[in-house]
Structure formats: C-alpha cells, structure tokens
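One chain, subunit A, links the two complexes that follow: it is found with subunit B in the first and with subunit C in the second.
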Partner chain A sequence: MIALRWLCAAALIAALCTALWRFAHRSDRTSRTQTVLARYVTHPSAMIALVALIVLYVVSALSPWLATHDPIEILAQALVNHPPSRELLFGTDFAGRDVFSRVLYGTRISLTIALLATIVSVIMGTAYGATAGFVGGKLDTVMMRIVDAFLSIPRIVLLIAIGTLWAPLSITSLILILGLTAWFGTSRLVRAEVLSLKEREMVAAARALGARDLAIIRRYVLPNVLSPVIVAATLGVAGVIVNEAALSYLGIGIPDPTPSLGNIIHDGTPYIATAWWVALFPGIVLVVTALACNLAGDGLRDAMDPRQVDR
Partner chain B sequence: MTPRPLLSVEELRTYFRTRAGVARAVDGVSFSIAANESVGVVGESGCGKSVTSLSLLRLIQPPGSIEPGSRIEFEGTDLLSLDNEAMRKIRGNRIAMIFQEPMTALNPVFTVGAQLAEVPRVHESISRQAAWARAVEMLGTVGIPDPSERAHSYPHQLSGGMRQRVMIGMALMLSPALLIADEPTTALDVTIQAQILELLAELRARTAMSVLLITHDLGVVAESTSRVIVMYAGEVVEQAGVRELFAQPHHPYTEGLMAAMPRAGTKRERLTVIPGAVPSPYDWPSGCRFHERCPYAWERCAREHPPLYEIGVGHVSRCHLAVEPERRATPHVPLAARAGAGA
Partner chain C sequence: MRRLLAGRLLQGLAVLWVVATLTFALLHLAPGDPYSYQSDRRVAPEVAAHWRHVYCLDRPLPAQYACYLASLARGDLGFSISQSRPVRDILIDYVPRTLELMSLGLLLSFAVGIALGVLEARRRGTFADWGSRGIALFFYSMPDFWLALMLALVFAYWLPIFPISGIENVIAAPTYGWWQHAVDHLRHLVLPVTALVLMTCAGIARFQRAAMLDAIQLEFVVTARAKGVSESVIARHHVLRNALLPIITLAGLTLPMLLGGAVLVELVFSWPGMGFITATAVGSRDYALVTSSVLVTSALVVVGTIAADLLYALADPRVRAA
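Let's turn to the complex of A and B:
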C-alpha cells in the first residue's frame, strides 16, 4: 500500500522534471525565464541539484501520506534503538519512534522553515538595501553602518542569544528570528546593485518621461535586481537550513517531540556509537539539501549572469 | 512683434557645488525655440550642452543645481517656479527627451510594447488594452516593421537603430511640444544615423513639435536643423541660421570646428585639430574662455570677457573680432599649442 503511494510520488517527480525539461527546450526563447532555464539545464551539477530539490520538496510535502508510521508515536518499549530493518527502514530512536517517518516529517518542517525564513530575509534585505541605495546620502551611510554592525556579530551567536531570550520558540518566531538575522548580506547586495542601476540612462530616460520615484523603483530597479536576489536567496536557504538544524541541535529550536532535522540528530548524538542510524540518516538529508541548494544557486547565478546573454 | 517663442531660456546657470569647488557647467546661457522649429546645439564634450538639456527638464541631480536668476519659460509657464509634481507632469507630456545610448536607455526586463504602453499610463488614466494599442500604433509610426509582432520583443532582440526608434516612440507617445534629442545618433552607424534624422524630420513636420538637437557633429546639425547654437565652456559663443553659420562662421571656435570636420572628396590629409583641450569648469579662463586656443587672440581677449556681438540678422558671436575685424588677417600659433610644444 505504502509502496504504491511512493510509486505515485515518483511518477509525480518524473512528470515535474519532464515538464521543466520541455519548457526549457522550447525553441522560441522569447521570455527571459526561458532563456535562463535553457542555460540552466545545460549545467550538469545544477541540474542534479534541481532534481534533488524537487525530490526533497515533493517527498516532504507528501510526508503525511508517505510516512510508514506516526513520527511521534512510541511504537513499543521493546523497539528502542532498533537497527534499520525491512519494517523500520531507518531504525528507531532512544524513545522507540520510527526514524524514517521522523526524517520525512522533519525534512518537511526544516524545508518549510527555511523557505519562509528566506522569504522574510529577502523581503527585508531587498526593501532595506533598495531604500539605502535609492535614497543615498546620509541615510545610506547610517543604514549601511547598522548592517555592518550586525554583520560583525557571528550569526549563530546572535541566533543563540535571541533564541535563549525568546524561549520557548514557536515555529513562527523561529522563522522570524532566522529570517530577520539573515538579510544583512542581501541588503548589501541589493544596495550595490541599486546604486549602479540608478545611474543607468534608462532611469534618466524614465524620469524625463515623467515617471515617479515609486514607479522607477517598481519597474526599473526591482526587476533588475531580481536575478542576484534569487541567487542569494537560493544560497541563503542552505544557510538557514543549517542554522535551524544547529539551533534545534542545541535545544533552542523546534521543541521535542516535533521532529526537525536538527533535533533528530540531537536525539541520536548520545547513542552515536550504538545506534548510529538515528543521527546518520537525517544528517545525510541535511547535507544533501544544503549541497543541492548551494549547487542550484551556483547554477542559477551562471545562468542569470548578464555577461552570458546570448543575443 | 515676433510671436512668443515656445521655449525661452535666459541666463541659465547650472553649477555643481562639489568638494573640489564650484563647477560652472552652464554659465549664463540664453536662447529660444519657436514652435515647430528645429534648433541644434553643438560643442565639444564638456561644454555644457547635456547639462543644459537636463536643466530644461529640471533633472539635474545634487550636487548640481540651477542657480537663482536663471529663467526657463515654456508655453508661457516659468518652469523654475513650478513645484515638483507640476514639473513631473510636463516631463514626457509637453517636453520629452531621448538619449544617446538606446541600449542602456531601455529597460532590459520588459518588452518594448510594455515600455511604450507605460508612458501614457503615467500621465493619464487609460486602460491597459488601449495603452497597448497606442504603443503598437506608435511603433508603426516610428517605422518599425510588423509592429504588433515586434511589440512583444525585448530590447536585446532589436538592433541599435530599432532601439533608437523605440526610444523616439516612447518620447512621442504623448505628442510633446518639444523634443530634446541628446546625441540621438552618436551610438549608431552612419546609414542608420541618416534614417533616424530623417525620421525625426518627418515626425516634426507631421506633429508640429519643436526639436532641440544636441550633438557634437556639425554634419548632423547641417542636415536637420534650421538654427544652430554653438556652445563652448558653458556659454553660447555663436548663434546663427544654419546656412549663414556654414557660409560665414564668425567665432574662431566655430571656424575651428568646421576645419576639423572630415570632408569627402578632398585630398587625404591630416585633419585639422583645435589645439589644447576644453578648460575645466572649476576654473574657466579669464577674459574670453577660448583665448588660449584661439589663433587670433590678442591682449584684449585675455583681459575682457566678450559679450554676444550682433554680426547680422539673427547672428550673434561672442568674439572681439566683431569690433576689431582686421585682427583676423594675422593668425598666429595659439597659446595652448605653444605651451604644449614647450612641455
């Protein structure tokens, strides 16, 4: 029964990949998205990363449907630290919970948090950087020195400090603190981009045709900073996943029994010598996710590089 | 009584107050443009012609500013006394401007149709469909073949000449009374250049707008304007009808510009150059600003700043030769060339 569901999930993944491949290979490259995709699919490591991300997202989105057990249910006293078997693919942890199902649910939570936190940080960083860059002058100097100050504090220390003060953290507040400590780099990037964009002739031309400042930001500045921001966001997802895992590992993040990649690893650490499977499998998923995000980000950056525009 | 001109500029001064000092980029420029007239502004890089055109639209960014005492009157309104919102409504609507580099002046992320359609939407409440229809119509007007298809193209899919046509189309979307064209053909090759100038002339004839054509190329001016303003070092140095100017240039700088123009059919020889370089706007030379580079200069030129002398009907020149014409008989090596040889 479960096997059939997995087969359906695999079919869905295959369908998604094929659709993407088809779209990228349409002969008329009229839209920019298509041009970028067409270049992206020629990048082997980035393509593997993209497929890995699709698999991760589809599987984790369908986790309630694909899981073999309830992730927080204690199966039986006899089943504590049970090694992987046909029935329990990744074994059980110290409390006798199915690690496979916990990893599925944990990936879902970790990816969701990472995605939402990245959205928060991208919006924050873009708004902040665009304001500083567009207005310029004294405001720019003050805003950027604040960013410099925050950037000088190691992020994990900042997270531990805020996390401890704010404890216990709900998922929403975890998303917020992860997002609100991740935007400094993005804001710098956006500011630099806006500074160069606003000197372009097209902005002068838009002004000469009577465009308002807001229209210039909306139509000329933001669409043109989109590609570096998307790249930064993709790379940022990896950072957020790792940071969330670190927080959960330290016991500040997602509270037990809700699984996240970080706290499953945390649960497995004391038993690493005897029950290695508890920490190993979520660890592999964490590494694969972070690596896939980084590779996909690198691929996107290459594909979106304006110097590679084929005319 | 002559009719009220469309645009009249009086004593326009645009200064840039920087840490290095005050750059007097435009320093007391006066001229006027009549309705449906085409006026050329020529001069070397750095003579203030682009700053003049940006000043007309009040698009000078800090640290630059238009100094008090300057006057720009357009259609009977004093542009310098308008508030920002009223000025914004004039831009694009009554006065439009096109730029030199059609690649960088168009937004790479939108189709040209969308960019054209945006212009009326800034100024009027008009539906998306109606704006798009007008955009397509305008693409046809500026001579883009197959406009309804081409409207879906992105700027990078068009050639340089096509992009400049799109720019012109954007500027003309709201039928402005005055079009300022800042070096519109400089980035294009010669055949395309001629086509663009022809298009501008044709559109001017059809719409009764005026054109202020800014260029460093006297050839362009000769082809497409009726009156020429020669600028040097932030000032107007000569102004005349185009025929008169070419037949009888008065100011030695204008003379130098014409001598420096390559001519077809003549024996291949080195082009004449005006010795020296444009002086720095932070520190214009005293007296006549051209005297260091002028082959006729005498003591008076270093001492006394020449006014605009009236040479003929509608012909003025900022040169003391107007009152001491006999000096023209004895040219000598200009100061700048001598200093250059000594160094």
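Let's turn to the complex of A and C:
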C-alpha cells in the first residue's frame, strides 16, 4: 500500500521534471525566463540539483501520506534503538519512534522553515540594500557600518544568544529569527548593484520625466537586481537549513516531540556509538538539501550571467 | 601605512561599539535580565540584587547603557550565574583553547585550500578539477556539527584511532612525560581540526581557483609563455604570486565562519573552548556568558580582519606606498 503511494509520488516527480524539460526546450525562446532556463538545463550538475530539490519538496509535501508510521508515536518498548530493517527502514530512536517517518516529517518542517526564513531575509536584505544604495550619503555609511557589525558576529553565535534569551521559541519566531539574521550579505549585494544602476541613463531619463524615487526603484532598479538576489536566495536556503538544524541540535530550535532534521540528530547523539542510524539519516538529507541548493545556486548564476561562466 | 592602521583601528572600534549596543539591546529586550532569572533557584535573591546593583540594572535605561559601555571598556563582561564567577575569568580559561583550534584550522585550511585551488586551476576542465571541486562542495554543504559527529563515529568508535573528546587522556595523563603529553594533545586535536578544515577549505579553494584563472589571463603570463618559460615556473612565479594577494582578504572573511563552526565542533568533541562554554550556557540560560561570547567572537573577527588588511598592505607595494 505504502509502496504504491511512493510509486505515485515518483510518477508525480517524473511528470514535473518532464514538464520542466519541455518548457526549457521550447523552440520559441522569447522570454528571458526561458533563455535562462534553457541555459540552466545544459548545466549537468545544476540539473541534478534541481531534480534533487523537486524530489525533496514533493516527498516532504506528501510526507503525511508517504510515512510508514506516526512520527511521534512510541512503537513499543522492545523497539528502542532498533537497527534499520525492512519494516523500519531507518530504525528507531531512543524512545522507540520510527526514524524514517520522523525524517520525512522533519524534512517537511525544516524545508518550510528554510524557505520562509529565506523569503524574510531576501525581502529585508533587498529593502535595506536598496535604501542604502539609493539614498546614499551619510545614511548609507551608517547603514553599512551596522551591516559590518552584524557580519563580524558569527551567525550561529548570534542565533545561540537570541535563542537563549528567548528560550522556548515558537516556529514563527524561529522563522523570523533565522530570516532576520541571514540578510546581511544580500543587502551588501543589492546595495552594490543599486549604486551602479543609479548612474545609468535610464534612471536619469526617468527622473527627467518626473518619476518619483519609489517608482524608479520599482520600475528600473528592482528588476535589475533580481538575478543576483535569486542566486543569493538559493544559496541562502542552504545556509538557513543548516543553521536551523544547528539550533535544533542545541535544543533551542524546534522543541522535542515535533521532528526536525536537527533535533533528530540531537536525539541520536548520545547513542551514536550503538544507534548510529538515528543521527546518520537526517544528516544525509541535510547534506543532500544543502548540496542541491548550492549547486542550483551556482547553476543559476551561470545561467543568468553568461559572462561569469566557469567561475 | 600608519594612517591606514589608525583608520582601520577606528573602524574596528566603531564596529565593536555597534555590536556592544546590539548586545545591550538584546539584553534589554529579552524577558528578565541577566540576574533576575527566577527559575534558577541556586541564585539567592540577595545575590541577584547585588549584581543588579553592580551592573546598574536598577537604574534608568540611559544610565544602564552608559554603565554597560563603561564596564565593557574596563574589560568587565558581567558575572556568570551558572558558574558563579566573573565572565572574564571564564573566558581567560577557555578562549586560548579556541584560539589554538582556530589558528591550526585556519593555517591548515588555507594550506589545503590554496593547494587545491592551484591544482584545479592548472588542471581546469579535467576530471581532477571536477572531482576536487565536487568533493570540496560536498564537505562545504555539510552541517558542521554533523560532520564532526560522523568523524567521531568513524574514527573514534568504529575505528578507534583517535580519542573521542577532551584535550588529553585524563586517566593516563599524570603518568606521561612531556613528549607523551604533546603526542596525546595532538591526537586529541586531529578530529576537531579535520572537521574545521574540511568545512572551510572548499571556499578557499574556489576563491584561489578563480584568482588563478584571473591571473593566468594577464599579459605578463602570455609574455612569459612566449619566451618559453616552463608551465610550472609560470604557475609558481607569475600566477600564484599574484593570485595569493586576494586570498589574504579572504582570511579575514573566513574567520566568522571558522569561529562559528568551532562552536559546534567544540561541543561535539567536548573541546573546552569558548564555543563549548557558549553552547553549554544555553541550557542554564546564562545571559551574561552568552552575550559576552557574541562580543568576544566579533572582537576576534574584527582583530582578524584588521590583521588581514595590514598583511595585504604589506604584501602589495601599491597599497604600501599609498
């Protein structure tokens, strides 16, 4: 029964990949999106990464339907730290919960948090960077010194401090905190881009025609900073997912019965010598996710900026 | 040169001031204050009241801020409730261990990263280039704590080659001579340093590869090649020397990452450094200790960046003259 569901999921993934492939290979390349996609699909490692991301997102979206057990149900006292078997694919943890189902649900939570936090950080970074770059002058200096200060704090140390001070974090505040500590790099990027865009003729022309600052930013500046921001966001997901895992690993992220990739590893750590499977499998999912994001980000950068190929 | 140094020092101080303001804001916004944490029953109310008075927490906000900055300027970082001693004394005990781990990690990851980058650039497009970049990116994508955990699993539990945790063999150490101590200590360093090197060398290799590919296109390389200079001499004398310059700046940028990585790596290997003490302060909600580690790590990063800038100025005659 479960096997059948997995087959359905596989079919869905295959259908999605084929649709994407078809779209990228349509002969009438008119839109910029299509050109970028067409260039992206010729990049083998980026393609593998994209397929991996599709698999991860589809499987985690369907996790309640694909899981073999309830992720927080304690199966039986006899099944504590049970090694992987046909019935329990990834074994069980110290409380006798099915690690496979926990990893499925945990992937869903971790991916959701990473995605939402990245959206927060992208919005924040773009707004901040665009303001600093566009307004310039003293405000720019002050704003950028603040970013310098934030960048000089190792992100995980800052997260630990915030997590400790507001100890039981809800998922919403976790998303906000992860997002609000991840935008510094993006804001620098956007600022640099805006500084050069500001000097272009199109902006001067728009200003001569009487366009307001906000309109100029919206019409001429933001569309042009989009590609570096998309690349930064893709790479950012990898960073956020690892940081969320680290927080949960330290016990200040997602609280216990709810699985997240980090707290499953946390549960497995004391028993690492005997029950290695508890910490191993969620870690593999983390590595695959982060690797896929990094490869996809590199591929996107190459596809969006043909000058930068092979860097 | 002297003006450059003065300018960078001032900038560094400004950054530290912003960080101090930030930690003050965090402390102020957080529920409770460092010495009013109610559920910690080990702290008697009179003791808490004493420390609140010492650190001006019973005064209005502007006075608190001034008092906070003043005590930081004196090097007083507060009082750790979980360890019942001043945070400064704790840090004096633990920071050197972190510095030891970090400097070894930094040195080795630059050695490995530069070597990999040079190799990749020279064999550009070949299997060696692809393979090395792939493997490096694989380790770069790994969560640091998980990498450390897996290293411990493979090289300490499954193949008991290296010790699992700590800085020395506590049971046998008293009987050791000085060289046995050194060997024992080195063996304890292997796994944590390996974890740090594996996770940072990918970025360095990537940067070095790009810098090499930039330098290869310069005119004097073409000239050297036209004059018949051998490829390995060109790589060493013409390309590498120019490609090493930008990498100095990278040293300053790698520091936050390495320090952050060290936190969790230290926790996994129970390495008694600053990261370890910070991670364990989470459970006891030791406000003063946690915020001090924010300040101290960023101070380390600032010092590192200034050092990198000065090194750059020393290495590049164009900057030195300016």
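Convention: the second predicted complex is superposed on the first by the 305 of 311 C-alpha atoms of A that agree within 3 Å, B and C clash if a C-alpha of one lies under 4 Å from a C-alpha of the other, contacts with A are read in each partner's own complex, and residues count from 1 in each chain.
Note that in this section a residue touches a chain if its C-beta (ideal position, glycine included) is under 8 Å from a C-beta of that chain, and two chains touch if they have at least 3 such contacts.
Fair warning: this is a prediction, and the values are worked out from it, not measured in the lab.
Of the two partner chains, subunit B is the only one touched by A:R200; subunit C is not. In the superposition on chain A, no contact is made by A:A61 with either subunit B or subunit C.
In the superposition on chain A, A:M124 contacts neither subunit B nor subunit C.
More residues of subunit A lie in contact with C than with the other chain of the pair subunit B and subunit C. Of the two partner chains placed by superposition, only subunit B is touched by A:A211; subunit C is not.
In the superposition on chain A, A:R219 makes contact with subunit B only, while subunit C stays out of contact range. On subunit A, the patch touched by subunit B and the patch touched by subunit C overlap at residues 311.
Contact residues of subunit C toward subunit A in the complex are 14-16, 18-19, 22-23, 26-27, 29-31, 124, 134, 137-138, 140-146, 149-150, 152-153, 157, 210, 213, 256-257, 259-261, 263-264, 267-268, 278-279, 281-283, 285-287, 290-291, 293-294, 297-298, 301-302, 305. Of all the residues in subunit A, the ones that touch subunit C in their complex are 45, 145-146, 148-158, 160-167, 238, 242, 245-246, 249-252, 265, 269, 272-273, 276, 279-280, 283, 286-287, 290-291, 293-295, 310-311. Note for the complex: subunit A touches subunit B at residues 30, 32, 200-202, 204-212, 215, 219-220, 223-224, 226, 306, 309, 311. Subunit B contributes residues 54, 57, 59, 88-93, 96-101, 104-110, 118-119, 122-123, 152, 154, 156-157, 167, 170-171, 173, 180 to its touches with subunit A in the complex.
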